[in-house]
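Consider the two complexes below, in which chain A is the common component and chain B and chain C are the respective partners.
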Partner chain A sequence: MSRVSSKMALAVKCSDTFNADACMHCGVCTAVCPMGIEMLPRKLFRYVQIGLEDKVKENISTIYSCLLCGMCAENCPAEVNIADNVRFLRKYINENEFNLS
Partner chain B sequence: MATGRKIGVFICHCGGNISDYVDVKAVAAAVANEPGVVVSKNHMFTCSDAAQQEMIDDIEGLELDGLVIASCSPKLHMFTFRDMAERGGINKYQYVHVNLREQCSWAHTNDKVGATEKGIALVRAGIAKASLSVPLTALRVDTIPKVLVIGAGISGLRGALALSDMGLSVFIAEKEKEAGGTVKNWGRMAPDDQHGSAIVKSLLDEVKMRENIMLYTDAEMIEKSGYIGDFKVTLRVGGKEAVQLQVGAMLIATGFDSYEPQEGEFGFGLDGVVTLPQFRDFADHQEGELTYNGKPVKNVVFVYCVGSRQKKSEACPEPNQYCSRYCCNAGTHMAVCLEDRPGDLNQYHLYRDIRTYGHNETIYEEARTRGAVFMRYPDAEAPTVANTADGLVVTVKDKLMGGEEVEIQADLVVLITGMVPKKNPTLMNLLKLPISKDGFLNELHIKLRPVETVIDGVFLAGAAQSPKTMAESVGASLAAVSKAGGLLMKGYVDLEPLIARVDTDKCLWCDECLKACPYGAIEKINFGEKEVAFVVKSLCKGEGACVPICPHDALDIEGYTDQQITAMIDACSKEVVTA
Partner chain C sequence: MPLPTKDILGILADNLNQRKSVLPISSAAATRWAKGLDLPKGGKTVLYTGHLYQLIPIIDAMSGQMAKFEDSALTKYFGLGRNVNKFINMTFFMGMMASKDEQKDYDRMLRNIALLLKKADVDFGYLYGEELYSGALVYDEGVDGSFAKHAQRVADMFKKNGVEKIITVDPHTTHTLRTVFPEFVKGFDIEVKSYLEVLAESGIEPTNQITDDLSLHDSCVYARHENVVEQPRALLAKTGAKVNEPRLCGKNTHCCGGPLESLFPSESHRIAGNRVEQLKEAGGSIATMCPICLVSLRKAAKGSVKVNDLSDTLAKAYGV
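Moving on to the complex of A and B:
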C-alpha cells in the first residue's frame, strides 16, 4: 500500500519531459535492457504517472543504474522516450531527495 | 367431402432450404386430393416474380377462392403473398401461410421421411383453415393530425419541432414546472462542447415561436382512452385545471433518472462525495479554479460505472446489469473540461472498462495526454472511500500494477452515475406499455421496429427506452417523429381485421371477457332486450384472451375461429401415407 503524492503527481503532469501515457505495458523495454534492470520500466513509470513517490524512492538505485543507452526507447513500439523519462526522474530525485539543485 | 371451395396449394423448394429435407413433390401429391383442392404445385422459389405471376394466373384461370403457400416463415413473406393474393383477386385474408422451412425442414434435417410426413400434415392443416376462411375487410380508421409529446427534455422538444415542421399540431406535456429536462442547467457537454443549457434554450425559444405547438408544464396525464389515430387524453395542469386533448399519436420522451447511490456506496453520504449530476450543478457554474465549499480542489477522484454493470449480490439484489452508455464519454469529457481550467489539479479516473466509442475516443485520448490519470480497478474489488484524519481517502487496486493497492487523498470524489428508468407509475399505468427486464420501456423489435411499441400509435423517443447519449436520444426521437408523421400524414390507418367478434345470441354478459382483455377493448352495450359484450375494433389486438374464458362460447377470433382451429387439428392428426 502506498499513497499518492500530490506534489510528485503534479510535477509529472506539468513536465514536458516525462511522458509514459502511450505505454501499453508490452515489456519490450525490459527484454532488451542490457543491464537486466530488475525494476520493470513500465511498472516504474506507472508508479511515476500515478505519483507514488514512496515507490519511486524505493527504486533509486535502479534508476541510477540505467546506462541511458536508449535500447529501450529504440525498440519501444509505442515510441515512449524511456531514457528521457529516466532523466526526468533523476532530476526529480536530485532535487527532492538529495536536495541538489 | 365436398366443400364447394376452390383452393390452390403451392409448395416451395426454397432453392433447397426446404426440398433438401422435405420431399416437396410428395407433399404436393399427397394433398392434391384434399377436399376443396383444385391445384397443387411446386415452385423453386414461390416468392420470385415469375412464380408469383404463375400463381396469379392460376388464381384467375381456376377462379380460386382460397390459397395455401407452404414456404418460409410468415415473418418473411406472409405480406408478400397476401399482396399477391389481392392482385390475383382473392381476399388477402383467405390466404394461409404454412411455415415449411423454419418449422419443418430446418428443424428436421436428420429425418427426411419424418420431415416429409410432418410437411404433409402442416399443409393439410393449412388447407383445412383455408377451407373455412371468409373474406375480411381491413378496419379503416381516420387519424387526428395532432400529436402529444410527453416530456419536454431534449428529445421531446426536438421531436415536437420536427412534428411541427410536418404541419402537425403538437402538444407537449412536461411533468416538471420548468421545461428542458435533465440537461437544462448543464454546461459543456461531450462531444462538441456545446452547453446543455444553450441547446435547451435554443429549442425552447423555437418551440415558443411555433403557432402549432402548445407546451404545458407542471402537467400530468390523468386519463387516456381511444386508439391509434384517435386518442383522448386528459392532462391535469398546475395541479388543478383539466385539459382534454384529442391526438392521433403519442411520443414518449420521458427520459431517465440518474442513479442515486445507496448510503455508503463508494462513500456516498460523506462530505465531498457527489454524483456527476451533483458535481455539474456547482462545477458547471464556476469560473476559474475549481472549488468545493469555497476551498480550491487540488485532487479529484472520479469513479466510473456507479449504478451500471452491477452484479447481483446481497447488497444489490436487483442489479442494473446494463451499461449506461453516456457515462464514459461524460467522464472523459469532464476531465478535458477540468484541464482547461486554471489551478493545479490532479485528477484520477477509476474505471472498469472505458467505452468511449466513435468520435468520443479522441476525447479519452486528449484527457490522458493532458495528464488525467486513468486507473483500471478489478470488477470484484471496487475502490473504497473513507473519511480519515487526512480527509477523504480513496483506496484502489490498479490492474496495470498487477493489483497493487494505492491510496489517493481527495478533496472531492465524483461518482459517475448511470441512468435508471424514470419512475412514473401513473403514466405507465395509463399507457399500459410493457417494461423490459431492466425497467426501461420496450420497443416492438430491437432492430427493425426500434421506436414502435405494442400500443399502435405510441412511439418511444429517447432515453425512456434505454440509456442513450443526447445525440442518440434525438436520433430516436426523430425516428419516432417519422413513424408518427407517416401515420398521421396519410389521414387514415388500416388495421388488421383478425380480431374478436361476439355472438350476440350466445352472450349473456358476465364480464369475464372484460376482465381478461389486457387492451380494454371490451365494452358492455344494450342489444335488444339484453346486455352483451361489444368489441371496440380499433383497440382489439386479436390476442384471444377472451375466447377460452367465455363460459358461453360466445367469442371467436376472425381468421382463427374455434371451427378453423378444430379443423386444423383434425387435419394434422390424419394418418399420413407416403409411397
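Moving on to the complex of A and C:
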C-alpha cells in the first residue's frame, strides 16, 4: 500500500519550481520522448502531486534518466515546464535520499 | 547493476565543491588551445570557454571505463571511489589517459572560434588560467546547493575582472550563464551571447565558397532554451554549403543522448544511434554545434558518416 507523504506534498506545495497543475494527461510528452519511457513525465507527476513518495522513489532511475532535452515541453499543449519539474525531483531526491545538496 | 547514481553525483559535487570543477583539469590543459593566438588577458568582453571542449577528451576516456562498469558487480565499489576521490583527484589520472590526438582536435575547434571572432573584428580577451567551469552538469543533476556556491564563484571571477560581455562557445555554458545564473546569483546582469550569435550579428562575409554537403544537428539547449536556430543557418547560407535538414530539426530537434553518458551509458548510446540514423537520412556529413553532441554522435556513427564541429566548416569558408 502506498502512503501519502506530507513532507513531499509540502515541498511541492512550497516550491516555485514544480508545477504540473495544467497537465491534462493528453500523453503528447510520452509520445515525443526520445527515451520512450512510459512513466515520464505524466504518471510520475501525478504521484508527486498526490504525495506518493514511495512511488516516486521506486522511479529514481527514471528521474535521472531524463535527458532534459525539452522535447516534451516544446510540444506540451498545456505549456507545463516539464524539465524544471524533473530537476525539482532530482533536487528533492538528492537532498532527502542521497544526502547531497 | 546500473551505475550508482548517488555515488557518481557525489563525486561530481565533491569535485565542484573542493576543486571548482566536476572534472578538474590542469590550467595547462584548459588554456593550451590559446597558445600563440596572442589573445589579451581579460577585458570588458571575454571569450569564456567554460572548459567543455577541453573536457571532452577526458570524458571520452572516462566514459569508456564507466561503460565497462555498467551491469558489473564492481559498481558497489563506487562508494569507496568517492571517498578516495576526496583525497586524490582521480580526474588527473583520467586526463593522462585522454587521447592526445583528440585533445588537439578539440583545441582546434576553440582556436577556430577565436579566429572567427577576430576575423569579424570583435574586440575580446580571455581569462586564461583564471577561467572556471560553469557548473552546468551539477545544475542539471539538481545538486542546487553546490551549484549555487559555484555560480557565485564564477560570477565573482567575472566581476573581479571587470567583464561586461561574455561570448560563449557551447550551448550548455550559454544556457547556464544566460538563463540559470540570474536565478541563482543576485544582480548577475552580464550580457551573454554565443559565438554563433555574435558572428551572425557581425555581418562577417566568407572568403571562400565551399561545396560541403551537411546534415545539420541542432543542439536541444541552443534551439529550445536559447533560441539559437537561425544564426548557424544564416552563417552557412553565405558559404555555398548545401544544408540538409533532418526530419527533426530546429525547435523540434532530437537529443544526441549525451546528457546520460555519466549515469546510463548504454541508454545514451541507444539515443545517439537513433539520432545518427535520422541525420544520415537527411544526407551529407553531420555538423554539430556542441562538443557533447559531437562526441556522442561520433561514437554512435562508428565511422559510417563524418561528424564535425560547425566551427571547422565556418573556419574553412570564412578563411581563418
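To be clear about the criterion, the second predicted complex is superposed on the first by the 99 of 101 C-alpha atoms of A that agree within 3 Å, B and C clash if a C-alpha of one lies under 4 Å from a C-alpha of the other, contacts with A are read in each partner's own complex, and residues count from 1 in each chain.
One rule holds in what follows: a residue touches a chain if its C-beta (ideal position, glycine included) is under 8 Å from a C-beta of that chain, and two chains touch if they have at least 3 such contacts.
For clarity, every value in this text was computed on a predicted model and none was experimentally measured.
After superposition onto chain A, the partners chain B and chain C occupy separate space and fit alongside each other.
In the superposition on chain A, contact is made by A:V4 with chain B only, not with chain C. In the superposed pair of complexes, A:C26 makes contact with neither chain B nor chain C. Taking chain B and chain C in turn and counting the residues of chain A each one touches, the greater count comes from C.
When the two structures are aligned on the shared chain, A:A78 is found in touch with neither chain B nor chain C. Rounded to the nearest 10, the angle at the Cα centre of chain A between the centres of chain B and chain C is 140 degrees. Within the superposed three-chain model, A:P34 lies in touch with chain C and out of touch with chain B [touch as defined at top]. Legend: residue contacts after superposition of the two complexes on their common chain; A:I60 is shown touching chain C, with no touch to chain B. With chain A used as the common frame, the shortest Cα distance separating chain B from chain C works out to 22 Å. Chain A residues in contact with chain B (one complex) as well as with chain C (other complex) do not exist.
Chain C makes touch with chain A in their complex at residues 2, 5-6, 9-10, 13, 139-146, 220-221, 224-225, 251-252, 254-255, 257, 259-260, 263-264, 267, 271, 274. Those residues of chain A that touch chain B in the shared complex are 1-4, 6, 9-10, 12-14, 21, 25, 43, 46-47, 49-52.
The touching residues of chain B, when paired with chain A in their complex, are 298-299, 344, 346, 348, 368-369, 371, 373, 375, 395, 398, 400-401, 404-409. Residues 34-35, 60-61, 64-65, 67-71, 73-75, 87-94, 97-98, 100-101 of chain A are the ones touching chain C in the complex.
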